[in-house]
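The same chain A turns up in both complexes below, where it pairs with chain B and then with chain C.
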Partner chain A sequence: MILPKMIMKNAFRRKVRTGLTILAIAIAILAFSLLRTVITTWYLGVEISSASRLITRNAVSMIFPLPLAYYDKIRHTSGVREVSYGNWFGGIYISEKNFFANFAVEPKNYLDLYPEIVLPENQKAEFFRDRRGFIAGRKLAERFGWHLGDIVTLKGTIYPGNWDFVLRGIYHGRDKNVDETQFIFRWDYLNEIVKKIYPSMANQVGFYMIGVTDSHLSADVAHEIDAMFKNSPAETLTETEKAFILGFISMTEAIVTVIRIVSLVVIVIILAVVANTMAMTTRERLGEYAVLKTIGYSGLQLATLILGESLVITFAGTLLGIALTFPVAKFFSSALGAYFPVFNVAPSTFLFDILAGFIVGIAAALIPTRQAIAIRIAEGLRRIG
Partner chain B sequence: MAVPWSYSFRNLFTRRLTTFLTASGMALVVFVFAAVLMLANGLQKTLVQTGSYDNVVVLRKGSTSEVDSNIERDKAAVVETLPAIAADEKGEKLVAKEVVILITLPKQGGGSSNVTIRGIGMKSLDLRPQVKLVQGRMPRFGIPEMVTGVSLAKRFNGLTVGGILRYGLMSWRIVGIMDAGNTAFSSEIWADADQVMQAFRRPLYSVVTFKLSDYNRFETVQGLIEGDPRLGLQAKREITFYLEQSEIMAKFLRILGISLTVIFSLGAIIGAMITMYSAVANRTAEIGTLRALGFQRRAILLTFLVESLLLGLIGGCMGLFFASFMQFITISTLNFQTFSELAFQFSLTPGIIFGSLGFSLIMGLAGGVLPAVRASRMNIVESLRTV
Partner chain C sequence: MSMDKMDTIVEIRNVSKSYRRGDHVLPVLTDITFDIAYGEFLAIMGPSGSGKSTLLNLIAGIDHVDSGSIVVGGEDITSLSETELAKWRAGNVGFIFQFYNLIPVLTAFENVDLPLHLTALSRTQRREHVEMALNMVNLLDRMDHYPGQLSGGEQQRVAIARAFVIDPAILVADEPTGDLDRKSAEDVLTLMDRLNKELGKTIVMVTHDPHAAEKAHLIRHLEKGVFNS
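What follows is the complex of A and B.
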């Protein structure tokens, strides 16, 4: 077959132009991959959340607590395997810029409920022994250079004052999608201090985390718990961890939508660049197409020639872009660790990359192909340059 | 002597499709650049307009938002007795002790979000002259009634006059809708503070707001409040307080926008470069002729630079034209800092216009420099031979 050979020769005839086009596509594909990764990261919590865990919180809103007294009632609900509870702390480490998630939990059941948080046995024992102890994710400890036994002070925003904690454990994620930037300390320590400074806020729990015996029972258990506290001063809202996290995300929906739109804009930008390259190329070669027609090439073959060239260029760019995604994503996750605790490029992103490259390649060749097919032989031969 | 400007301009016009495609690429980059800055700016503008320069907010020391803050009744009473608080014509002090909480409400079209409920005092409305009632009436004190901001009424279920919300074992009747323009109050629900405290079992105030009799006395009052160790409170000008509420989100939007557009602009610059290289290549003979006519290398360089700058300017104007329509769009989302819903508009400023045009010229320049240098370095004899 002579066509593929011609396509390749044509594609790289103008080396500077083709090279620049490939580079532009690569940059766009890179930007597109990163934006898609931001979106998948946003939804990551949903994916890794467990269907057999429930979250119970105050029905009014997240800022209202629930009484600790609910613990026993929830624990004895049928279908409930284990219950832990916690409070969002919202403390600041030195300055607001150093943001990371920090919260207090009842530690023993919490670590059972969340097997994805992997902690060495001796560190676990230390954490259970020291009331002021806390555990930190590997990335968080690395970020601030904390070592076991270090004292870390957080400034409270919800709970006033300076709070000292001792690092008793550094956890790893069971797989790479687990957030390794959390700061987890003991609820009994929090409650002890709150009792002294804010007696009215003592024995209050921000949320209950519930493990059910069988994930099929989740809906029934949730329903039963909420029914139990109906018409009480603190009504509850129980949902699966997945629904809970989705609820969070839906509040920031507008931002996700903006990022989605912007990720499409970059594809359109690149479409304009590639379409321009193809338009210039065919304009220059209209004379050649007339010659090819003269020696018997059909419209279909000409179309293949132009489309093939467009696809060769876009695919070269797409592949380069995908290759660049890996090092850049790595750089991103280390530079922006505070905003994105986990920043892994999902395999589906590459599928979207290739799809986007394919669409751009075809769309860019449409107008030039029509021009080349429509041109009359005599007219084409008469053209110069 | 310089080549006439019309030469550059007419070249762009002759190759319309290419000019249009290249300029479109740049227009999109400028559009994203302008739109994101407008968004960050709109957020900030909304929160800045929420505050008044001569109002002071008093919060618990260390708290970053009204919801975090707790002020016991006796401490609030101390603040009320401070000097320098303005009085109205009846001689009553313009001070309001307020409680601020969040509730979760279902949004129209699915999902739910956190909404601010402000338990207000007798003088709350006088302290916020921006707030205008557009429908119904203000809630009466002593009974569970609410007035809702117009931005919320548009986006959440059941927030219409006559609607009933059940919270804290009480039924709240919505008796009015208020419009506070582009301010955060348009995204709030107001009700009697004592009713809110009772229903939601929150016996503490969140914030005390008062108007200064003389706005120069802020430092004195601040010293009095923050210097008293028994209070443990902090005072801020209302305008500063609301500006701070927008900082994290505005910064997030700006960093996102600028880093995106810098990456995108590389694509558009390359697009301009491709166009200009081909413009130079196709006109080799012309360039040779111009040189033979006596135009200097500098003149040729300038001509092609002007052409690519024009290309950038066209892209910039196109992008700004479409971005300016974004001003009609209102976005409502969760403000990370207050953790509550806030509606705001895209807002275009002269700074953003000049920034965007400057940005588009830089893109044009960056794309045109190398091709223009190549054009200016062409050898006269060789280039004339290409005809």
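What follows is the complex of A and C.
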């Protein structure tokens, strides 16, 4: 059939214009992919959260602690398999710009509860042995060039003073979506110092992390724990890990909404670029379309020519944009590791790219196609003369 | 469309056509009635704005009459829908334009092949038809050239090959030599003469050029939308 051949030749007839259009689409698709990746990264914690893990915190607010004394009661609640606890530390390494998540946890149960944090057995043993020990994610250790045995000092914000830690382990994620930029140290070390300096803050934990024997029991266990501490000075709020993380994300929902809107604006920009190119192309070729109609080509065949050309240009730009996404996302991942510990482009993003390309390709050609089909042959032929 | 040599191929009855320019109605053809015989080579002459190109377009089924009827090869084309007209044109009419109107991204071969894609011919049959047509216009050796690589005369000969490759009953030509030098114009007119004499094609040609009109068997003059008697 001659139509596919004409579509390809027409698409690249004006090489500079088509090239610039493809480049514009590629940049827009790249921006769209990165913005979508920011959104998926934002929700990554929700995606990878376990259905069989619960988080218990103070019912009033996260900033209010819970007594360590709750540990035994929670541990012996029916359906509870394992319990760990921790505190957000909020320490600064050298300068505020070196931000990374750092917190104190009860280590043994924590590592059991989070099997996605993979640590060699000998390093785990060292971490359990040394109360000043800490473990760091692979990316964090690489970022600052830390090696096992190095002493790292954090400046406390919630707990003032300089805190020295010894690197006893470097973990890596069980899969690529696990955050490898965390700094995890022992809660008993934190509590020991706090006892001396701020006795009123001792034996207090920020949150409990609870593993349940069966994920179907999560709601019942949460209800039972909260009921247990009802009317106490520190009432609890227990929720699934997913709900807990969503609670954090909801605080930044406005930012996510803005990013979503911007990503849609990017699609509209692509549409405008391609529609402009197709409008110019069709206007230039109305005479040729009139000739084809004269020969006997139908409106449907003309529509195929124009829609086909639009789709070829759009898909060329989309594929180039997807190809560019890989190296640029990698660069983003390394450059913005502090803000986006995991920055992986999800396969669904590429599907959205292709879908966007398809919709834009069709939509941009609609008006030019209508114009080409509707033109009277005599009128079209006059444009040539 | 089979008929004897002397049968009438085109019957035009009381055809009128006008164009609307804003609030004004501009009459172009007024109550035209005439016949064209099968195998005729007719030249229609007349000053600019006399309606000759409009008449050609009506005969070729690319424009619509306001009133009257046009029967070509027994088919009343004024009663056909747009889709039916497109199909009718694809099998029955060959067009030769003043500015050749070849598709610039297709080779001479592909341009001539273009109308054959609307037929049921196989790829091999199409190739045979195209090569035969290009041979007839003496351009077989240039079949892989693009229009931009051909002279004006050569482009018009490719356009003529494209017009007759489907073996139409009637060829319509609108100022076919209007954009050519004398030598190329002569080649094109000779070719049209051969198509008429050797292949029996009915040709209706609109021209300003008296020299071109001399090649026709019959010349009719159109002025202000009516034929001079």
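Criterion: the second predicted complex is superposed on the first by the 383 of 385 C-alpha atoms of A that agree within 3 Å, B and C clash if a C-alpha of one lies under 4 Å from a C-alpha of the other, contacts with A are read in each partner's own complex, and residues count from 1 in each chain.
One rule holds for everything that comes next: a contact is a pair of C-beta atoms (placed from the backbone, for glycine too) under 8 Å apart; a residue touches a chain by one contact, two chains touch by 3 or more.
Treat the numbers as computed from the prediction; the structure is a model and nothing was measured.
*Asks:* Is A:Gly287 touching the first partner chain B, the second partner chain C, both, or neither of them?
*Replies:* The second partner, chain C, only.
*Asks:* Touch check for A:Ile270: first (chain B), second (chain C), both, or neither?
*Replies:* first
*Asks:* Chain A residues in contact: does chain B have more, or chain C?
*Replies:* Counting contacted residues of chain A, the larger count belongs to B.
*Asks:* Pick one for A:Leu307: touches chain B only (first), chain C only (second), both, or neither.
*Replies:* neither
*Asks:* A:Leu381 in the overlay: touching chain B, chain C, both, or neither? Say first, second, both or neither.
*Replies:* The second partner, chain C, only.
*Asks:* Touching A:Ile2 in the superposition: chain B (first), chain C (second), both, neither?
*Replies:* second
*Asks:* With the two complexes superposed on chain A, say which partner A:Ile27 touches: chain B (first), chain C (second), both, or neither.
*Replies:* first
*Asks:* Considering only the touch criterion stated at the top, classify A:Ala372 as touching first (chain B), second (chain C), both, or neither.
*Replies:* neither
*Asks:* Given the touch rule stated above, what does A:Leu113 touch, chain B (first), chain C (second), both, or neither?
*Replies:* neither
*Asks:* Just which bits of chain A does chain B share with chain C as contact spots?
*Replies:* Dual-contact residues (chain A): 385.
*Asks:* Taking the complex as given, what residues does chain B use to touch chain A?
*Replies:* Against chain A, chain B makes touches at 17-18, 21-22, 24-25, 28-29, 31-32, 36, 39, 60-64, 67-68, 70, 101-104, 107, 110-114, 167-169, 200-201, 203, 232, 248, 252, 256, 260, 263-264, 266-268, 270-271, 273-275, 277-278, 282, 331-334, 339, 341.
*Asks:* Using the touch rule from the top, collect the residues of chain A that touch chain B in their complex.
*Replies:* 16-17, 20-21, 23-24, 27-28, 30-31, 34-35, 59-64, 90, 96, 155-158, 160-161, 198, 200, 231, 233, 237, 247, 250-255, 258-259, 262, 265-266, 268-270, 272-273, 275-277, 279-280, 284, 339, 385
*Asks:* Quick check: in the complex, which residue numbers of chain A touch chain C?
*Replies:* 1-2, 5-6, 9-10, 13, 287-288, 291-298, 376-378, 381, 384-385
*Asks:* Sort out for me which residues of chain C touch chain A in the complex.
*Replies:* It comes out as residues 54, 57, 60, 62-63, 83, 86-87, 89-91, 95, 97-99, 101, 103-106, 110, 113-115, 117-118, 162.
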